[in-house]
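Please go over the structures that come below.
What follows is subunit A paired twice: with subunit B in the first complex and subunit C in the second.
== the complex of A and B ==
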């Protein structure tokens, strides 16, 4: 029985690690896409977080978040730079908001809604960080394009996540096993 | 000492002269040296994001005028003080970015349960990237990613975590790192106030 519990825990951790690796894979793709400013993010890695809402427990979800932030920093080499502050602020706020929205509204909200809520708070958190370490008072000038680009990428990401959840055989297997 | 520890230690030592540099020219030279060191460590250098960061941060600081007025755009004054503060800040951030790239040349090993999870994450990451290249039909994207996730999660109980052996640093590594760190301190010293007393022409540089 103890052996079975251990192998179940191990399997759950492997699922978290696989989703974290997926986030890393997506952020590598994002890293290759040229961006006008280095801290600007499309948030492709958030796809793993949105998908995981239906299959991970709260504790596993936050472990995934931690692995996502550290993994991204290790891959891009930004662990000791200011970029980690943007990543932490954006990821933490969006993950928290997406979890709250998912818990409160359950089936009443789609992945698009969750993604938009996450992106909005992620952008606001990143703008707050940039207010203090980058642009100072000038942050309000860059706020509108940032919010707009965040909104557009969130809609695309949300639609993609919804389609993936509906069509993926892997997701059906994992969510079925959890149920 | 392991190579990753040596790399992180030298990077950490470099942060001190970068942080305390008061001269804009000195900070610029330090940033250029760090970019060269990061590129030599195998990292890519893309000039455009750095140029845009430099320009955008400098321009954002012009909203808070200070010092000599250079010119006006409409009724808005562009001042030397605000431009140099912005440029210095941007160069500092660029320096930190590249010192971080330099420090992360060898992936450091994190101990404990978190370290094990990160190793597992990188194991799956290697699997995903390797399998992605072998997938022939990458369009439509959803079935391709689905196949990728199914393939990566197969046989997951037989994980053999492969990690690059963290080699011990040899004398050459130690000497080259001492030179890298010394270079940063020399640049810092050359552009400091006490050096300007010896070579007065340095006072003319921003």
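== the complex of A and C ==
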């Protein structure tokens, strides 16, 4: 019995690690893509978070989130600069909103809606951080293009995530075996 | 793929309206253009039509801004990624250049035309 419990814990751990690795891989890819305007990001790593909603428990979901933020900071070299505040604020608020939307609407919402809600709150949180820490009142100038580009990339990522969870056999297996 | 659900569409519409509404922040700016620079909690204002070169000191060194021919750009900066320099020249209201590592934010703002004759008061105020 004891042996079984342990292997189950290990399997869950592996699942979180796999998703975190996936998030970091996507972060690296994104880091390599040149951006037309700095700070405008695709948020590819959020794919892992959106997909994990149906697989992980709440606790595991937040561990994944933390791993994503720290890993991204290591990749971009911003771990000990204040740029990580943006990343943390954006990731945390979007992850919370995505979880809430997922829990409240369940079957009534697809990955597209979850993704858009997450992106909106990520942008709003980052603008708030920017307003109070960096740029002051001038922040409103950068808001519109940020919001719009966030929406566009969120729709694309949401559609991709939805297609993935509908077709992936791996996803069917792990989400079926949820603890 | 499944068709988007009702909730998806509601979330999309909310997000889209916030994005579109935010663009109204740019309106009613038709007077002279000003260059606002925020650095280290202070703000400077320059006239976009007067050529000048200014240097700002931030956490990683200095950032030099150049105003020339009604445009402004970051001429050089001590930051590692040089994104601010690569952003090039800007000249329209609402356009901005920022150097995140060095905490310098440059934005062009319009001023409302002096229709009510209050500009002098604002300056003296």
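One rule holds for everything that comes next: the second predicted complex is superposed on the first by the 174 of 179 C-alpha atoms of A that agree within 3 Å, B and C clash if a C-alpha of one lies under 4 Å from a C-alpha of the other, contacts with A are read in each partner's own complex, and residues count from 1 in each chain.
Just so it is clear, contacts are C-beta pairs under 8 Å (C-beta built on N, C-alpha and C of every residue); 3 or more make two chains touch, one makes a residue touch a chain.
Fair warning: this is a prediction, and the values are worked out from it, not measured in the lab.
Once both complexes are superposed on subunit A, the partners subunit B and subunit C clash.
Legend: residue contacts after superposition of the two complexes on their common chain; A:80 is shown touching subunit B, with no touch to subunit C. Looking at the shared chain after the overlay, A:135 reaches both subunit B and subunit C. By the document's definition of touching, neither partner reaches A:153: not subunit B, not subunit C. By the touch criterion stated above, A:101 is placed in contact with subunit C alone, subunit B being left untouched. Touch criterion met: A:144 reaches subunit C, while subunit B stays clear of it. Of the two partner chains, subunit C is the only one touched by A:120; subunit B is not. Between subunit B and subunit C, it is B that contacts the larger number of residues in subunit A.
When the shared chain is aligned, subunit C comes close enough to touch A:112, but subunit B does not. Touch criterion not met for A:46: it reaches neither subunit B nor subunit C.
In the superposition on chain A, A:163 makes contact with both subunit B and subunit C. Remark: of the candidate stretches 3-11, 93-101, 111-119 or 129-137 in subunit B, the one overlapping subunit C after superposition on chain A is 93-101.
Taken together, the two complexes place residues 37-38, 81, 83, 134-136, 138, 141-142, 163 of subunit A in contact with subunit B and also with subunit C.
In the complex of the two chains, the subunit A residues touching subunit B come out as 7, 10-11, 13-18, 20-22, 24-25, 28, 34-38, 63, 66-67, 70-71, 74, 77-83, 133-139, 141-142, 160, 163-164, 167-171, 173. Across the complex, subunit A meets subunit C through its residues 37-39, 81, 83, 101, 105, 108-110, 112-113, 116-117, 119-120, 134-136, 138, 140-144, 147-148, 151, 154-155, 159, 162-163, 166. Contact residues on subunit C toward subunit A in their complex (touch as defined above): 1-2, 4-12, 14-16, 18-19, 22-23, 25-26, 36, 38, 41, 43, 83, 87, 94, 96, 98, 100-101, 103, 105, 107, 109.
Only residues 11, 38, 43, 46, 48-50, 52-53, 56-57, 59-64, 89, 93, 96-97, 99-101, 103-104, 107, 110, 114, 117-118, 120-125, 127-129, 132, 141-143, 145-146, 149-150, 152-153, 156-157, 159 of subunit B touch subunit A when the two sit together in their complex.
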